[in-house]
Amino acid sequence: MENSIFELQYALDTFYFLVMGALVMWMAAGFAMLEAGLVRSKNTTEILTKNIVLYAIACTAYMAIGYELMYGGGTFLKDLALDGASSAELLGEAVLAESAEAGFAGGSVYSNASDFFFQVVFVATAMSIVSGAVAERMKLWAFLAFAVVMTGFIYPMEGSWTWGGQSVFGLFSLGDDYGFSDFAGSGIVHLAGASAALAGVLLLGARKGKYGPNGAIHPIPGANLPMATLGTFILWLGWFGFNGGSVLKLGDIASANTVAMVFVNTNAAAAGGLIAALLVARILFGKADLTMTLNGALAGLVAITAEPSTPTPLVATMIGAIGGALVVLSVIALDKLRIDDPVGAISVHGTVGIWGLMAVPLTKAEASFTGQFMGLITIFLWVFVTSFIVWLVLKVITGIRVSEEDEYEGVDLSECGMEAYPEFTKS
Amino acid sequence: MKMITAIIKPFKLDDVREALSEIGVQGITVTEVKGFGRQKGHTELYRGAEYVVDFLPKVKIEAAVAAELVEQVIDAIRGAANSGKIGDGKIFVTPIEQVMRIRTGETGNEAL
Amino acid sequence: MENSIFELQYALDTFYFLVMGALVMWMAAGFAMLEAGLVRSKNTTEILTKNIVLYAIACTAYMAIGYELMYGGGTFLKDLALDGASSAELLGEAVLAESAEAGFAGGSVYSNASDFFFQVVFVATAMSIVSGAVAERMKLWAFLAFAVVMTGFIYPMEGSWTWGGQSVFGLFSLGDDYGFSDFAGSGIVHLAGASAALAGVLLLGARKGKYGPNGAIHPIPGANLPMATLGTFILWLGWFGFNGGSVLKLGDIASANTVAMVFVNTNAAAAGGLIAALLVARILFGKADLTMTLNGALAGLVAITAEPSTPTPLVATMIGAIGGALVVLSVIALDKLRIDDPVGAISVHGTVGIWGLMAVPLTKAEASFTGQFMGLITIFLWVFVTSFIVWLVLKVITGIRVSEEDEYEGVDLSECGMEAYPEFTKS
Amino acid sequence: MENSIFELQYALDTFYFLVMGALVMWMAAGFAMLEAGLVRSKNTTEILTKNIVLYAIACTAYMAIGYELMYGGGTFLKDLALDGASSAELLGEAVLAESAEAGFAGGSVYSNASDFFFQVVFVATAMSIVSGAVAERMKLWAFLAFAVVMTGFIYPMEGSWTWGGQSVFGLFSLGDDYGFSDFAGSGIVHLAGASAALAGVLLLGARKGKYGPNGAIHPIPGANLPMATLGTFILWLGWFGFNGGSVLKLGDIASANTVAMVFVNTNAAAAGGLIAALLVARILFGKADLTMTLNGALAGLVAITAEPSTPTPLVATMIGAIGGALVVLSVIALDKLRIDDPVGAISVHGTVGIWGLMAVPLTKAEASFTGQFMGLITIFLWVFVTSFIVWLVLKVITGIRVSEEDEYEGVDLSECGMEAYPEFTKS
Amino acid sequence: MKMITAIIKPFKLDDVREALSEIGVQGITVTEVKGFGRQKGHTELYRGAEYVVDFLPKVKIEAAVAAELVEQVIDAIRGAANSGKIGDGKIFVTPIEQVMRIRTGETGNEAL
Amino acid sequence: MKMITAIIKPFKLDDVREALSEIGVQGITVTEVKGFGRQKGHTELYRGAEYVVDFLPKVKIEAAVAAELVEQVIDAIRGAANSGKIGDGKIFVTPIEQVMRIRTGETGNEAL
C-alpha cells in the first residue's frame, strides 16, 4: 500500500509537470501574438512564421541533442520511453525504489518524459524572445538557422552549467562555488534570450527610418494592439506553468503549498509590474501607454521568475513593480542608444532579467549578490559571445538582413510571398 | 454637368448625405481619405518617442450633378458639414464632359 | 501512511484549485477580447487598457485589503506563505491535524495561497463586467479609480456576507437566516458586476448617436467579430474553472464526481443558452445574429453558475436555454429604456444572474425563492447604491465622461494617445 | 485506507480527464480562429457562427442521443449524476467495488460524467473539420441541420463500432475480428470528419472563381493570417488533451509515464510535421508558405493521433514529418481534382488521418495493416455514404448552396446579416 | 487627354482591367469607395435594432487616356462592367490639362 | 485654380508632404489606392497555386492650388517622389472651377 501511495505521488507529480508544461507551451502562442501585434502589418506573416517554426525547431533540436547536452539523456531521447527500463514493470520497480529512497516528502520523482516536455517548452521560450527583437528586417532563413544553434547548443550549454549542475568548462561551478540561484530562469531563460537578441540586433542595425539625424527617434507603431494584448494575457497565463512547474514537486504538503505561493507571487508581481509601468509612463509621457503597460506586466513576471517562492505577496508585488518601472526606463534608454528592438524584448527579458537575478538575495538567505552576479555574467557572456559569432557567420555566408527595398515593401512579400491581410476590397 | 467634391469630417457624413438627398441628389460616391491642412494634427508619444499625426481622417464625397444644381448642392453640403471649427473641409467644383450609366448606356443628365 | 494520504489529498486539492484558478484568470483575456471586438475600432485601445489594468488593480487591491474584508486573512496577506505557521514543518502538522479532524471525505483542506489565488480571479471577473457596459465614453482614470473601490471594498463586503458567512451589518445573515445559495456566484459575482455597471451607465448616459428622437435606436456595430467570438470561447473555457473550482474539493469520490457533473452541466447550459439565443433571435429578427448567439452562450453560463451541481444535464441545458432566451429580450428591453450597454453586460450578467439565482430552488431542496430573493436584493442594493455613490463622487470631482469631441474622435486618442490599428497605408 | 487510495486514484483520474477534456474543448476555438483566418473577410461572420453553433449542437445532440448510441448511457444522460447509483454513498461503494476488482494498476475507474465531458468534445472536433471545407458558399441552416445528424447519429454509430466495441451491424467486429487500433482517433474522429466534409464538398461544388477554364486554379487567399496562426497554436495545445486524455488513466506509474510519453510524442510529431511541410513547400514553391506550415503542424498531430504511445520521440517526429509532407502534396492534388477545400481540412484530417492509421503497425505489434485498412474503409464508407445522403436530402429540400449573388456579396450578409469588420471609416 | 473615372461593382474589377488592357490602356488607379445611389442598400438588424446600410461597396477606376481613345475606353468599361442590374455604376469623363510621368519627367500622351 | 493629383509610392508620402509644405501648399488630401501600370506586379504562390498581384499599393495626393503655382508644385512633387525606378507614378493637372472653405464660406484662392 505504501507503493500505491508512491505510485499516486508519481502520477500526480507527473501530471502536474505536464499541465504546467502545456501552459508554458501556450506561451509560444503568446509571443507570436504579442510580436505580430507590435510590428507593422507588412511584416506580420514573417513574424508569425518565425514564431511557429522556431517552436518546432526548438522541440526538434532539443530532442535531438540539446537535452543530452544539458541533462544527459541520450541523443534523440532514445531511452525516454521507459526511463531506460526494459519493461513497464521494471520501470515501476525502479521508480518505487527511487521513491522509497527519496522518501515521501523528499526529492521529486516523476516521469522522465514529463521532465523533457517541461524543459523543452522552456527552450522555445528563450528563442521566442529573440524573434521579437530582430523583427521587421531579418532574413527568415538566417533566423531559423540561428534557432537551430541556439536551441540545440547555446542554450543547453548554459543550461548544463546552471540547472544541469555541470561546471563551466571545468573552471568553476555556479551552483557549488557561488550558490547561484535562479528558480525558474530570469537569467537562464530570459536573460539568455535577451543576450542572443542583443547580439543579433547589434549586427543587424535598426529598421530603416527608426532613427533620424540629430538623435531623432521616429516611432513605428505596432499595427494591431488587440493582438498584442491577447499575447500578453497568454504569456501571463503561461507563466503560472513556467514558475509554478519549477517547484518540480507538488505531491506533499510543503511542496503543494510552495506551488500555490508561487502562483500567488507570480500573479502579484505581474500586477505590480503592470501598475508601475502604467504610472511611470503616465508621469513621463502624460498618458496611459498600453504598450508600456503590457511590457510592464511581462517585466513583473520576468522579475519574479528568479525567485517566486520566498517573497511575501507584498514583496512580490514590489519586485514586480520595480521591474515594471525599469522596463519603461530601459526602453527609452535603448532607443537613445539606437538599439532598435521593436517589441521591447531586450528590456523586458534582459534588463529586468538582471534585476530579477539580483533581487533573489533580498528574500533568500542562501543566495548572495556575488553569486548572482557571477551567474548573470556567465550567462550573458556565453550567450552573447556565441550568438554574436553565429550571427556573424550567418551574416558573412548568407546575409542576415533583407535588402532596403524588401524592407520598404515589407518582409512578408520578400521572405514569405504572402500578406497577412491580403484583401484590398472586401467583396 | 459638374462634379462636386467635398472633403468633410467623417462624422458629418450622414448629415451631408441626408441634406443631398433632400435636394434630390440621387447618387454620391464616398472615399475614406486623410487630410492635411490648417487643422493641426496631434503630437503623440509611442513608447516614449514623439511623433506627429499630421494626417487626420476625412471623408471625400463626390456627386456629379447638373450644372444648374451646383449652387444648391454647395449650400446643402456647407449647411450640413459646417461646424464652424477648423478642419471642416473644402468643396471643389470641376467640369464633367460626359457621363454614362453603365447599366443602360444613358448619357448626360439622365445618367446621374 | 494515513498522513501521506492526507498529504496527497491536500496536494491534489491545492493543485485542482490552482488549475481552476488559472482557468478563471484566463477569463480576463476573454472579457478583453469580447469587449474589444464589440466596440468601434477608435475605442479599442482604451477598452484593452481598461481590461488589463483592472485585472492588475483587482489583484493588488484584493491582496491589500479585500481578502481581509471578505475572509479575514490579514492585510497584504501577510501570513499567507505558511498559512500562519512559523515553519514548513509546523504547517504540515497543522494541515494534518486539520485533515484528521475533517476526515478523508469531509470538508476540504488545501493551501490557503491556492484559495487566495482562486478568489482573486473572481474579483477581477466581477470588475471586468463593468468595463464593457461603460465602454466608448468613460474616462479611463475615473474607471480605474472605481476599480480600486469596487475590488478593494464593494465586492469584498458583499462577499463577506455570502461566501464569507458574515452577517449583513449585524442585521441578518443571508446564509443562516435565509439559506441563500449561490454556488459559484451568479449573484455574488455576476449580478454584482452588473449592478455596478448599471449604476455607472445611468450616470454616464448613452453614447452619442445611439438613441435618436422619437425612440429611434441607432445600432453601433462592433468592429471585430472574430475577436468577440474568441473572447466568448475563452470565457466558456474559463468558466469550467469558475464553476468547477467552486466545488472546493476534488479529493474523494463524491467530490470528484460532483466536479465532473459541474463541468458537464456548465457546458450543457452554455450550449443551451447559445442555441436558445440563436433561435429566439432567428424568430424575432429573421436571421442568425452572431452577437446575440455569443451573449446567449454567456447567458447560459451565468444562469447555471448559481447551481451547477444539482441539475441533470437536460435540466442544465434548459436552465441555460432560458437564460439565452432572456438575454435577447433583455438586450432589446434595455435598448428601449435607452440604457446603453455596448456589449450587453447588464443583460448577460444582471438579468440572467437574477434568473440563475431564482432557478436554484428548482433543483436544490435546501434553497427557497424567498431566500434567493433576499440574497439578490441585498447584493443588488449594496452594490448599486455604493457604486452609484462612488461614480457620483468621481463625476463631481474629475468627471466620468469624455468630452463630446473626444467621443467623436475616439477615446483611444484622448485617453491613451494611441490607436489600436494605427496604419493608414500598409507600406 | 486502501479505500482512501482508491478514492484518490478515482479523483485524480477524473480530474485528469476533465483537464484533458477542457483542452479539447479549447480546440473548438482553434478551429474557429483557423477557419476565420483562412476565409475572405466577407465570409467571416458566417464561419464564426457555424463554428460556435456547431459546438453547442454537438454538445446537445450527443447528450440527447449520441452518447447512448455510442456507449449506452441512456438518452439525455439521465443516470449520469451518480453513475446510476441512488445516492452519493452508494456511488462511493460501487466505485470502490469496481476499483477493488480492477486493482490499483488495472483498468481505469473514473467519474462517468468526466467520461461524457471528454467524449463530447471529440464529437465537436469531428464536426469542426467539416465547417472549414464547406466554407464561403454553404447555407448556414443547412450546415447546422447536418451538424445535428452528424453529431447525434453518424459519428456515434461509427464510434460505437470502434471505441464502443459494438459489431458493425452484426456483421463483424473491428476490434475483435481485426484488431483495429486507433488510439485517439486519427480515423474515428479525423478521417470521419474529413469524409463528411468530402461528401459535402462534392455536392456543393467549388467556390465561384476558384477554378478557371483549362485547369486554371485561382487562389483565394485567407484574410487574416494572425488569426489562422492563433488557431493552429490553440489546436496544438488542445491536442495534448486529445491524445493525452486518450490514455484514459493516469493514476499509476505505468499510466502516468504513458501519458507523459504521449505528450512528448504529440509535440514531436507536430514539430516534425511543421518542419516537413515548411521544407517541402520551400522546395516546391521556392518560399516559406505560412498556411502550408500551419497545415503541416496539424498534419503531424493528426498522424500521431492513431498511436502516440508506442513510438520513440524520433519515430514520432518522423511519423509527423511524413504527415506534414503528405499534406502539402494532398492540398495540391485536391486542387488539381478541383475539390475546393478553403482550409485544407480534407487533406489534413482525411489524407493524413489515413496515414496515421496505417502507421500504427509500424510501432505497435498488435496492429496489422489489414486490420487498420478494414477500420479505415469502414469509417470512410459509413461516414461518406450517410453524409452524402444527408447532404443530398438537404440539397433537395432546402438547398445547401447560397445564390451566386450572395456568394459575391459574401455569405455574412445573406446568411447572418452582419459583417465581421463592418467599419468603413474609423471615426 | 481625358480622365475616365468609372464607379463599378467590386467583383467586376478584374474583368474591367482586362478589357482595358486589351485596348491598350497601360495604367489605371483603383480606389475602394462606397456608393450611394438608386441601388438601395439593405436593412440590417444589429442586436434587434434596425439600421440601413445605404453605402454599398464599389470600386473607382481612374484611367488617364488620350482624347481619341475616350469612346473606346468607355465601351470597354461598359462591356465588362455591365450586368444589367441596378448599381452597375457610372462612367465620368473629365478634362486633364497636363500629365507628367514622375520617373522621367515626360509629359503629354507619352506620360500615360 | 488647378487640382494637382499625384499617384506616388507610399513610402514617399512624407517626403512629398514636406516638399509641398516648403513651397507653401497648405492643404492636401491623401487616398490609399492600388495602381496598375508598367511596373509589373509580382507572381505569388498561395498553397501551391500561382496568382499575379497586379495591383500595387500607391498613394494618391490631391492638392488644389492657385494656377500660378502649378509648375512649382509639379516640380516639388517630382523632386520628392522621383526614385528613378519604374512605378514612381504620375502627376495630373485638372481644372477647378470653384472652391469653398466649408467653415467660412470663403471662395477662390483664399479658400485653399
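Going in written order, the chains are labelled A, B, C, D, E and F, and every chain counts its residues from 1.
Keep this in mind: contacts are C-beta pairs under 8 Å (C-beta built on N, C-alpha and C of every residue); 3 or more make two chains touch, one makes a residue touch a chain.
All values derive from a computational prediction rather than experimental measurement.
Visitor: Which chains make contact with chain A and with chain E at once?
Guide: Both-contact set = B, C, D, F.
Visitor: Have a look at C-E versus D-E and report the one with more C-beta pairs in contact.
Guide: C-E
Visitor: Return the distance between the CA-based centres of chain A and chain D, expressed in whole Å.
Guide: One centre to the other, that is 32 Å.
Visitor: What is the distance in Å between the mean C-alpha positions of chain C and chain F?
Guide: Averaging C-alpha atoms per chain gives centres 52 Å apart.
Visitor: Counting only residues that touch at least two other chains, what does the list for chain C look like?
Guide: 1, 5, 8, 12, 19, 221, 224, 230, 285, 287, 289, 291, 408, 417-419, 421, 424, 426-427
Visitor: Which residues does chain F have that touch at least 2 chains other than itself?
Guide: Within chain F, the residues that touch at least two other chains are 11, 30-32, 34, 45-46, 55, 94-95.
Visitor: Enumerate the contact residues on chain F facing chain B in the complex.
Guide: It is residues 3, 17, 26-32, 64, 94-103, 105, 111-112 of chain F that touch chain B.
Visitor: Considering the complex alone, what residue numbers of chain C touch chain E?
Guide: My answer: residues 217-221, 281, 284-287, 289, 291-292, 328, 331-332, 335, 344.
Visitor: Help me check something: in the complex, which residues belonging to chain B touch chain C?
Guide: Going by the criterion above, the answer is residues 11, 34, 42, 44-46, 55.
Visitor: Within the complex, which stretch of chain E touches chain B?
Guide: Interface residues on chain E, with respect to chain B: 2, 6-8, 31-38, 54-55, 58, 60, 70, 74, 77-78, 81-95.
Visitor: Where on chain A does chain C make contact in their complex?
Guide: For chain A paired with chain C, touching residues are 1-2, 5, 8-9, 12, 16, 19, 23, 40-42, 104-105, 221-226, 229-230, 232-234, 236-237, 240, 244, 250-257, 259-261, 263-264, 267-268, 270-272, 274-275, 278, 285, 287-291, 293-294, 297, 312-314, 317, 408-410, 419, 421.
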